[in-house]
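Some notes on the structure that comes next.
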Amino acid sequence: MNGWLHIPSTWSAELMAHAGWDSLTVDLQHGMHGLEMAIQMLQAISTTDTVPLVRVTWNDPGQIMRMLDAGAYGIICPMINTRAECEAFVGACRYPPLGYRSLGPTRARVYAGADYAEHANDEMLTLAMVETAEAVANIDAIASVPGLDGIFVGTGDLRLSLTGGIGFDSADTQVDAALDTILAACARHDRVPGLFTASADYARQMIARGFRLVTIKTDSMLLSESAQQVIKQTRGE
Amino acid sequence: MNGWLHIPSTWSAELMAHAGWDSLTVDLQHGMHGLEMAIQMLQAISTTDTVPLVRVTWNDPGQIMRMLDAGAYGIICPMINTRAECEAFVGACRYPPLGYRSLGPTRARVYAGADYAEHANDEMLTLAMVETAEAVANIDAIASVPGLDGIFVGTGDLRLSLTGGIGFDSADTQVDAALDTILAACARHDRVPGLFTASADYARQMIARGFRLVTIKTDSMLLSESAQQVIKQTRGE
Amino acid sequence: MNGWLHIPSTWSAELMAHAGWDSLTVDLQHGMHGLEMAIQMLQAISTTDTVPLVRVTWNDPGQIMRMLDAGAYGIICPMINTRAECEAFVGACRYPPLGYRSLGPTRARVYAGADYAEHANDEMLTLAMVETAEAVANIDAIASVPGLDGIFVGTGDLRLSLTGGIGFDSADTQVDAALDTILAACARHDRVPGLFTASADYARQMIARGFRLVTIKTDSMLLSESAQQVIKQTRGE
Amino acid sequence: MNGWLHIPSTWSAELMAHAGWDSLTVDLQHGMHGLEMAIQMLQAISTTDTVPLVRVTWNDPGQIMRMLDAGAYGIICPMINTRAECEAFVGACRYPPLGYRSLGPTRARVYAGADYAEHANDEMLTLAMVETAEAVANIDAIASVPGLDGIFVGTGDLRLSLTGGIGFDSADTQVDAALDTILAACARHDRVPGLFTASADYARQMIARGFRLVTIKTDSMLLSESAQQVIKQTRGE
Amino acid sequence: MNGWLHIPSTWSAELMAHAGWDSLTVDLQHGMHGLEMAIQMLQAISTTDTVPLVRVTWNDPGQIMRMLDAGAYGIICPMINTRAECEAFVGACRYPPLGYRSLGPTRARVYAGADYAEHANDEMLTLAMVETAEAVANIDAIASVPGLDGIFVGTGDLRLSLTGGIGFDSADTQVDAALDTILAACARHDRVPGLFTASADYARQMIARGFRLVTIKTDSMLLSESAQQVIKQTRGE
Amino acid sequence: MNGWLHIPSTWSAELMAHAGWDSLTVDLQHGMHGLEMAIQMLQAISTTDTVPLVRVTWNDPGQIMRMLDAGAYGIICPMINTRAECEAFVGACRYPPLGYRSLGPTRARVYAGADYAEHANDEMLTLAMVETAEAVANIDAIASVPGLDGIFVGTGDLRLSLTGGIGFDSADTQVDAALDTILAACARHDRVPGLFTASADYARQMIARGFRLVTIKTDSMLLSESAQQVIKQTRGE
């Protein structure tokens, strides 16, 4: 299970790292943190064995490489709609000759060992987000890119793209069909399927359906919803 | 109901300010924030009508005055054990001739209006923490200090002081007797009684018993516990 | 009237928000703030009713989307020289099917309400900067892009591009002619015309001429110039 | 002339350092900065020859010593009401045998040279604030403390203490008499007299009267007032 | 061996934590960090097994307690000159009935386990700095305070106090005699003797002499000196 | 000689600026700092006469322009493999008509004077990194771009690209041949040749060979290696 970090704080990151998640993702796309805070949060996660991931803002090689240098063990890249975009993303995560990542793993080699650069191409996770109708249509072209490790579904964006509707976790024929398409492509190309969910219930359904990297809510949602709940409970509502 | 902020982040503060708390306390005693972040969190709370309070690190006039200048509408001061300590605390919150607060309400006058200094002595809340056996023994001397608005019980420290035990919210004869003593003194001297609780259940009991400024958990507890809960739910535990 | 923020501080942002501006722009192009400070400054502006805008560093969809998610109510995008650039910019500000903005309005939905995403396409302002000879030549192609709300003139860059000269606010035949061209295009396509000015005098002239979103100086200029003035006054110069 | 810094930003500090002030004071009493930002602002001031001063939060030896170690060339200490308080303040600024400052001028020795500690007792300015009726009554006892360099009048607090009134710069018999008392004591004991003013006019009057370290407004006031002024000018009010 | 942190950065702290020190001290007395950065640096140290210590700014119970709550495993307190000062220091580090530390180990219990508060009185290190002639004269009164774990010599301040001289590590009869006095008192009262050194040579001599918690240089010195050395080497000087 | 900054701290930057380097480079590609810290570090460098340079994250015009506006006196741009990439880079550093840099040198004009913009095209250094086989093959096309000032070799990436090996400074036929090719092209086109080295020895060899902008290690390496060395020396290893 994967936790999702939107609060720009090393303390909330450390708390989440101790909560029992298998991995934690610092979200630079919709989170409230800048790059330097993201790096400090990766440090905070390193106080535990939780695997640190980063969702980058965009398919931007400079940012992808920096977050890997800073100790991310994998990158989730939003809005991969074509094979070329996926190749650019994966290439930014791999040293030559497999890609074009620049050498300089400043924190990664402190944290993972002096031989980091020799093993990084094998170990760093690359997860392409599929979250539009176009991406679903191109799913085999995307999923078959060499060096890609998984497909991560942005369920909110996918629903919006397919149906025009806004929301998470609701049953929806078109979204469900797209999820089947994606799962099948992941099986065909031996990629890890993952997705974002906004509830434990939906997460369980998705795990049952075959998703393996399942995010459940964000830290913002957890804090906000539990505060509202405790206020209601105290008021006796 | 009063929320309690330990996470050093303006974003978590703004989320909490929108969650429905009547007031929010930036806790500089056991929280993870420095002074500048505390000020920025007061700004974040000011995006809503939630009343901003600060628990200071210690009975330190410099810090008390800075947090008032920065826009806190009240101060909770830890470890007030004697009348002299309470007088020093209240004096730091009041302009002459009632106290010795220094004039310079930099942010307070922007946020509360140019006439802030003329009304501050009437409006700023002063809450003395009673959390030791010594303080309970001195309760009338403390509660009767002119200008004091309320007594806030540090339930964890009070239990530790009275019983040597560590914990929150548990029924305990000695603590219960002390709470009765404190409530009675608040009634005698017309002070608002408040306390920290670690659960909605205990908060409800305490409200029923007459406490009016009731804190329920910290943001750290809310985040950590709800993360653990959602992980368990997803695992089907 | 629109204020312009270059100082990376939530306190100066809050002061400016209380000064009476209709809107305030956090300038990520020539300002001294990083992304996280920009977000915190948007929070500080939200303590008032002043409309928060952001000028982004460049026509970069990732940054544009993040600032909208963080609560900007409009984006000013520099160096729009062609219709394609304008379409890319506007598309980054609009959810499908009008554009390709990714769904995840983390702070925007707290601050603007849970239904933010349903109304954002109608409400978020999109202002393209026209500040080169090329852009003036393409003014109709740019101004007619569907979903664009206004044209904001970068007067310093425009002068430099047209005349090779450096400065603000000076009368200049070529610049004046370009301003007429831009105003006419705005009228034709029903777009709000705006610009940057470095003095109240020039701002008044420009308002009289038809500009509606008029920026007057930056916070840096206001602070620096007023400090120099008060020193001179005290010295009796 | 002395500028006064309330905005927590290295950029506004650098701007002020280039504006022509003889000295700049980072105000940790009523300013919005934490300790670390104060240190960074001292660095920003060091890009020019402007003399960096710090007003500390309170007569606290730990904070006084840290700001000297960080490169402040003088300390303004608030609320010195008695000779003992003044001795404690001056002692915190002087190495043994003149005082009890702890040795460790981390930044000061980089910035002022490796022999800093040998000359610091002669060079670091010590300015005691006289801002209450009690302090005026004790003025000779305070001003005669060995090692004290000057008396700085907190005009707002002094007025409040003497008259109960709130405001700056207004003519007031009691305040005027106190200023005369202070100036005379400074002359008797060869101390530099200084004060805070909120306008160039009052500053000029005070310089004419004999004050030598004259502060004029804060950066917050300069920014806020000039923003309001430029808005009015543009509106034609 | 103990490293000493003056650079306010989580990255330099993490680098130092990986360099092989047994313990690392975040120095809030002469370092350049504020409280919040100190906490983040404690997090960075927790990515390794290096023991995190804090030297506090002054014998200030509020700050001492905050740093323990934030995860420091021991406190070094400057300028302990009398038994009463030592008792106040040690009491701030111990929960009742041994002391008066307030209960609220926010980060400590996450990092050290939920039963932290039950064991903290036994585990948190308390190290009093002896660095003046007065303290040496009071050495038995200081060293015998119950709950004290060690004596840490501030060699620079001690030399200054005893001889008026400024410097580190130089042989000096008076300082040497004081070190003998301190070592003997540590032996008598079973306290760990420690000190600050500015070179590996002096550190080795001091270890041979019986000191056990030996600090060697600061991170600032290491960076500055090694930069100067590599420049000289490259220039062939 | 050029120092290289990876530690996100104004204090380490100021220390390095005083260490004797001719120039210092804030490295936004492999360093741990965000944009705002980079700007503050440029301020810290400005306390000395050391020339401030920035290596940007990627060939991104927005970031390049911001760092110039913030006071960088030159930009090192990674991964320039083609003439078109080099032209885009140099254009971002030059005002029209030589390039497309946007006008708004916020800090640069404070620090370098009000006429900064008139001289910037002549004074700002542009250094393209050549660090792949492709770039070496295109060396004349790259080096001949008008407005380019120098070629900076990324020795780690170049070795990886040419040989698949990871490391610095080792003798290697293929790398040596490429360095010759690059030096010859620099001579032909009158460009400054520079490179990164990880030791004083290699730096001396490279200076002897004709390189003029020679970087020796990073601040992280200096701190980490000197800490390890002092620990070993103290242990007598």
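By letter and in written order, the chains are A, B, C, D, E and F; residue numbering begins at 1 in each of them.
Note that in this section contacts are C-beta pairs under 8 Å (C-beta built on N, C-alpha and C of every residue); 3 or more make two chains touch, one makes a residue touch a chain.
Quantities reported herein were computed from a predicted structural model and do not represent experimental measurements.
Q: What chains touch subunit C and also subunit F?
A: A, D
Q: Measuring between mean CA coordinates, which chain is farthest from subunit D?
A: If we average the C-alpha coordinates per chain, A ends up farthest from subunit D.
Q: Centre to centre, using CA atoms, which chain is the farthest one from subunit F?
A: Taking each chain's C-alpha mean as its centre, the farthest from subunit F is B.
Q: Just curious, how far off is subunit F from subunit D if you go by their C-alpha centres, in Å?
A: Computed from C-alpha means, the inter-chain centre distance equals 42 Å.
Q: Where the centres are mean C-alpha positions, what is the separation of subunit A from subunit F, in Å?
A: 33
Q: Going through subunit A residue by residue, note those that touch at least 2 other chains and give them in order.
A: 6, 8, 11, 15, 18, 32, 34-37, 39, 60, 107, 110, 220, 224
Q: Pull out all the chain pairs that touch, please.
A: Every pair of chains in contact is listed here: A-B, A-C, A-E, A-F, B-C, B-D, B-E, C-D, C-F, D-E, D-F, E-F.
Q: Can you check the complex and tell me which residues of subunit F touch subunit A?
A: 6, 8, 29-37, 56-58, 60, 63, 78-79, 131-132, 154, 156-157, 160-161, 164, 166, 218, 220, 224
Q: In the complex, go through subunit A and note every residue touching subunit F.
A: 34-37, 39, 60-63, 65-66, 69-70, 95-97, 100, 102-107, 110, 117-118
Q: Once bound in the complex, which stretches of subunit F touch subunit E?
A: Per the stated touch rule, the residues are 1, 3, 6-9, 11-12, 15-16, 18-21, 32, 200-201, 203-204, 207, 214, 216-217, 219-220, 222-228, 230-231, 233-236.
Q: Sort out for me which residues of subunit A touch subunit E in the complex.
A: Against subunit E, the touching part of subunit A is residues 10-11, 14-15, 18, 39-40, 43-44, 46-47, 107, 110-111.
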